[in-house]
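Presented sequentially are two complexes of chain A, the first with chain B as partner and the second with chain C.
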Partner chain A sequence: MVENIDLSLVDWSRGQFALTAMFHWIFVPLTLGLGYIVAIMETIYVKTGNPEWKRITKFWMNLFGINFAIGVATGIILEFQFGTNWSNYSWFVGDIFGAPLAIEGIMAFFMESTFIAVMFFGWDKVSRKFHLTSSWLTAIGANLSALWILVANAWMQNPVGMRFNPETARNEMENFWEVLFSPTAVNKFLHTTTSGFVLASIFVVGISAWFLLHKRDQMFAKKSIVVGSIFGLIATFMVIFTGDGAAKDIAKHQPMKLASMEGLYQGETGAPLMIYGFFSGSDEERLKEPKEDNFAFNIPVPGMLSFLANGDFDSYVPGIRDMLYGNDEHNILSFEERIKRGHVAQQTLKEFKDAEKNGNTTKYNSLKAKFNDKEWLNTYMKYFGYGTYYDPDPQKLKANVLELVPPVTIAFHSFHIMVGLGTLFVLVFLLLLFYTMKNKIEDTRWLLWVALWSIPLAYLAQQTGWLVAEVGRQPWVIQDMMNTRMAVSQIGTGAVQTTFWLFAITFVGLAIAEVKIMLTQIKKGPKEGGQ
Partner chain B sequence: MFESLSHLALQEYWWVLVSILGAVLVFLLFVQGGQTMISCLGKTEVERTMIVNSLGRKWEFTFTTLVTFGGAFFASFPLFYSTSFGGAYWVWMIILFAFIIQAVSYEYRTRPNNFFGERTYEKFLFVNGLIGTIFLGTAVATFFSGSQFSVSEMNQSQWEVPAHGLEAALNFFNLSLGLAVFFLARVLALLYFMNDIDDDTIIERAKKRLVINAGAFLVFFLTFVVWLMLRDGFAVNPDTGEVYMEPYKYFNNLIGMPVVLIMFLLGVVLVLWGIFVGIKSASRKGIWYAGIGTVVTVLALFFLAGFHNTAFYPSTYDLQNSLTIQNASSSHYTLTAMSYVSLMIPFVIAYIWYAWRSINVKRIDKEEMSATDKDGHVY
Partner chain C sequence: MVKRVIRFYVDGFRSMASWSRTLWIIILLKLFILFFIFKLIFFKDTLNTKYDTDRERSEHVIEQITK
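Take a look at the complex of A and B:
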């Protein structure tokens, strides 16, 4: 089915998707959080009638607008890229994935784009309350946009609520609510959006700290810090809480991702969580030559990974090798066996299609029955995607097994950087609030510098978060069902290379423009309303 | 409610919804049309600012409608989505690039220290207006002229020409619709400016431009329609699903669906009336006639492509690989679930209408554009 696919096409298509997604995600989290922060500030203005709060609102709203435009620009590519570069995937899951995308357009995008116009152009055209409502609806619309695409992403990590239809050779939705409310989707939505709130809060307190460091607009800066810190602190706790939920979910549905995030090659009971560490040797070497200790340096906390994964310090967490080669004691099926079973499922589908074409009704019906038989589905169809790695030569098959391990080093570092930074932000918000309440914030220059430098760190945390989520699940586009090789559009590698570079150049140009405009507006300060 | 409908009824319902989105999108392309005339209608800085701001308060509707059009197609007819986007790669990529550079241009154009400079952002808007309209029109024309793709038994599609969609733009039939859409967008933009901008000089210039652009639109539109009525079309045998060529298929569809015929004629008349009102009278209402006329006409064209046993995305490589609303659609369950979501559409239209009215309550004029002490946001 996919034997002849050029691997460089897959890599360039992945590169292009990663480029657009990561670039898009530079701007989206700020939109998600700053929308609410602006709406909160405007609420205070409407409640108190104090024009100082209007000035504050308009300053941050102005930055919101600059950031929003580029987020929109990059968002459109992502939606269409599912079709342009991943057309086989689009068909395979279109019945499920398309629905959230269409709902997103109907419900969220229009809400966002309608009310943002009122937000910017309506100050002297509509009533104060209608304007405030519009600001809230813009923020809610932005977050609703995130809901549906994250539901779709969560479904790819943990496909639920569907069944495979052999006649159309695709997955079809059976239960919309199961797709929408799967724990993976709920955790992903809350974890991702609240992490956006944290980034936006860091952005607000960091820029306010810059004003304080330059002894400019101090009232404005302090008021902004209070709103940013409180909002940020609440959001950070939500991020931690949902992060814990996400980890348990990963342990259940994507154990390979969890093992990679922690560099756990050999499963154990009371598995340790690494505070940080550095591997010895490359990913490939560690896979091919098993060693007692895979780290050159690490700080482990005993039992913590077991607790994180299963809520029990003494529980067992499977390692990469247990999954690759199986573990009878813990009832873990080897990847080699999964590949063989996946191959059976794929062959059955082929035979079914042949029977359909040749009009062999008896065979057609008997094979169709298999796709409705729960036991067969659980034994073979569950591993459908693994079949792509099948090779009749046992040696080659053994070698193919290793392709099912994600890049461990990237997953490990991304995960630990994300978690470490999240913890740092709690401290930053707490300290900022403490010193602001004590009215000593403008004199605590070291903290102001920390707040300012937290801005790039918050962006780093966002990017690493997505790296864990997406690199950690490789090679799957849809967990256990479809890998990147099967999903890609049949176009020339040269075409994708060309568009990759065109995107890269366009994005860099736009990013330079955005940052320059943003910095100029920040330096102008709130006095002129940021205009 | 929707559960009890047949799969075909749901497919038809979603074809109507997708068609409505497409039709509204073509109307909203007036933003793109206007972007191609910023410098010829605005000779001074403040005139250009008025024009840009008149469009700038609406560009997101067009953009969002395009995205929703794509999303709705993905959800309801995923095989079209995967076949067309993954196959006609270059056409869609060119359209995408044209829209990326638009999205930032309004917000960044007059900002200090904006890296590219004001004129570059205006050029971005021009490029978006030119390419966005022509290529979208060309892509839609392939609904009638067909494309060279194949679909395997596993429903995996493949484009069979190395140009990956660019070949569509070299076909004069397709191009005639592309150019008709381009000039229609300009006509609608001129009528919109007459409605939205309070400036005699701009209105005067717009009136003059309207004559030329309306003429060009009519030439290309009539070329397309005559060609469409005379050409063979892609018919589907409803019993066997077999696709075959039928002479005068789209003319037959028009006659076979009197409602669509009436819609088509009514739409065209409304567009012409809107243009006439714009040229000959002092009324500002031309955009409403032409706008509604555009929506109704495009809707009729989409119905011609998808209904009356017609393949809406034909394959000239292998007729039997052609896509119909039946073989390209989502499952009964998904269409049902989405149909419930579609019940929100009137509510969405209502709030868009309300917000649009509240922003357009006062026409754009020089005073508003040059006022820096007020609360207004000027691009």
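Take a look at the complex of A and C:
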């Protein structure tokens, strides 16, 4: 039960994983987007034969190379952590996580290492068209690498295409295509990669703005701004479109995450979407002391959350309390009932293993049959992870229910910061294009400063997006099946603390190297950097 | 063909700018830290180290996830 678990170990293990993932995610989105921007610039060069575009391509390609080199392999640490810190989880997910990650490793190695070499070493050694093909394949390869890890992550948010084997305690893949093409995976891949395109576009227009502010390489900067803004605008609309798909998917499979993202405590028909808001009281207070209005300040848009979730302004969106305590009218099972059912599933698995150990064939066969019975799987096994919160004492059980609510304040602010910044970037791209076309961009210094300062904001949008996805689904590692407490390895907290700080030092060192080398290359400008 | 590919890489590395060499040093140093320090010293596979058979591993995991 819950009290048997060392929370400090869970928290440090989570902190270590979050640190690694968030650091890794500083590099990845720029690689995903800048690869395409470079390929587009090189395409213009090949089409026009204008050497100015070769110079532009080479400058941005060098920055792509720096980011790629510093960031490459930082994600490997996450895989180390699976085996060491999250061994129960690694075992439980079986081949579902292993297969996509193995494909990613092979694809990343062969596609990226081959074509990146041609990109950087191949100028004047291979034909223009072959070089251009290599640049495009590098960009596509980087994005395909991201596909596999995002498919694995999507499976954790919405586990499909698998079957639980009670004999091995592992999930086995039954349908690879269902895992690959689940709406959660498709939305996650498209939303995440296109958000990387937006970040890369902001990076390009921001640095170009710096050149214009310093009255240097103005033609280079203007051309880069045009490519960056058009690519950024297209990407932002793709982010909005896929974000809408992701919201509908979350409403279906992770309604608690959606309610937390919007701070919706009580379900509503025609539920409002908050433009922004500030809660009154802490997460704990709002859960324990229900109020009419949980916001100290908010700007609601009536019916918009219902539309976002279900495509219908008048539809019902369940709130946090509806899920915690159930809602018969809308056929929502309470978390208390889910905990009881999860407990039954866990006990059945335990009894099954005991029967196997004791050689009780009759009991073994009858319990094994349950794991193949669709009705039993849907009634009990579906809620397997909830069983961890079971307590025979009804009062303690009621209290444990509250632990199934994610940190609402973090989810809410992360979501709204991400959406707000995405909207700001649309404006930045539109204004940059407008003033560049009017040939007044170098005189519009306020906009150039906004573009430059949008670079850190784009990174903030990326990190908050990741927070929405990962904090919003707490406490689940695999939705409804396994929570963080079940997933963690029983190793010493001290060992996790040591590696946490070692990672922090390594990551800070790498980040300093990245910024320093990049700034040096940017200051040299396209002439020197492009040679 | 193989010779041409090898020559392509050798020439590429030889003609690299000094900042590119710095990047390669960082990459190699990073890979050393990741695979020889972190992986070998700190990140042993918990289940493979503690248990010899898959049966023992599954029993351990079941005990952990149903307690």
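What we mean here is this: the second predicted complex is superposed on the first by the 520 of 531 C-alpha atoms of A that agree within 3 Å, B and C clash if a C-alpha of one lies under 4 Å from a C-alpha of the other, contacts with A are read in each partner's own complex, and residues count from 1 in each chain.
Note that contacts are C-beta pairs under 8 Å (C-beta built on N, C-alpha and C of every residue); 3 or more make two chains touch, one makes a residue touch a chain.
Just so it is clear, the structure is predicted and the values come from calculations on it, not from any experiment.
*Asks:* So, on chain A, is it clash or fit between chain B and chain C?
*Replies:* These partners clash in the superposed model.
*Asks:* When the two structures are overlaid on chain A, which partner does A:301 contact: first (chain B), second (chain C), both, or neither?
*Replies:* A:301 sits against neither chain B nor chain C.
*Asks:* I'd like to know which partner A:219 touches here: chain B for first, chain C for second, both or neither.
*Replies:* In the superposed model, A:219 contacts neither chain B nor chain C.
*Asks:* Quick check on the superposed pair: does A:84 touch chain B, chain C, both, or neither? Answer first, second, both or neither.
*Replies:* both
*Asks:* Quick one: classify A:387 as touching chain B (first), chain C (second), both or neither.
*Replies:* second
*Asks:* Is A:346 in contact with chain B, with chain C, with both, or with neither (first, second, both, neither)?
*Replies:* After superposing on A, A:346 lies in contact with chain C but is clear of chain B.
*Asks:* Tell me the contact category for A:103 with respect to chain B and chain C: first, second, both or neither.
*Replies:* first
*Asks:* Of chain B and chain C, which one touches more residues of chain A?
*Replies:* In the superposed model, B touches more residues of chain A.
*Asks:* Touch check for A:482: first (chain B), second (chain C), both, or neither?
*Replies:* Only chain C; A:482 stays clear of chain B.
*Asks:* According to the stated criteria, A:173 is in contact with first (chain B), second (chain C), both, or neither; which is it?
*Replies:* A:173 sits against chain B, while chain C stays out of touch.
*Asks:* Does chain B (first) or chain C (second) touch A:505, or do both, or does neither?
*Replies:* Neither partner.
*Asks:* After superposing on chain A, which of these stretches of chain B ends up overlapping chain C: 59-67, 95-103, 257-265 or 329-337?
*Replies:* That would be 95-103, the one stretch with clashes.
*Asks:* Enumerate the residues of chain A that count as touching chain B in its complex and touching chain C in the other.
*Replies:* 1, 65-66, 69-70, 72-74, 76-77, 80, 83-85, 87-88, 90-91, 117, 120-122, 125, 168-170, 349, 353, 489-491, 495, 499, 502, 506, 510, 513, 517, 520-521
*Asks:* Within their complex, state which residues of chain B touch chain A.
*Replies:* 57, 60-61, 63-64, 66-72, 74-76, 78-79, 81-87, 89-90, 92-93, 96-97, 99-104, 106-108, 111-116, 153-159, 162, 164, 330-331, 333-334, 337-338, 341-342, 344-345, 348, 351-352, 355-356, 358-359, 361-362, 372, 374-377
*Asks:* How about chain A: which of its residues touch chain C in the complex?
*Replies:* The contact residues of chain A facing chain C are 1, 4, 65-66, 69-70, 72-74, 76-77, 80-81, 83-85, 87-88, 90-92, 117, 120-122, 125, 167-170, 346-347, 349-350, 353, 387-388, 482, 486, 489-491, 495, 498-499, 502, 506, 510, 513, 517, 520-521.
*Asks:* Would you tell me which residues of chain A are touching chain B in their complex?
*Replies:* Result: residues 1, 58, 65-66, 68-70, 72-77, 79-80, 82-91, 94-99, 101-107, 109-118, 120-126, 130, 134, 165, 168-170, 172-174, 176, 349, 353, 356-357, 489-492, 495, 499, 502, 506, 509-510, 512-514, 516-517, 519-521, 529, 531 of chain A touch chain B.
*Asks:* Would you pull the chain C residues touching chain A in the complex into a rising list?
*Replies:* Interface residues on the chain C side: 8-9, 11-13, 15, 19-20, 22-24, 26-27, 30-31, 33-34, 38-39, 42-48, 54, 57-59, 61-62, 64-67.
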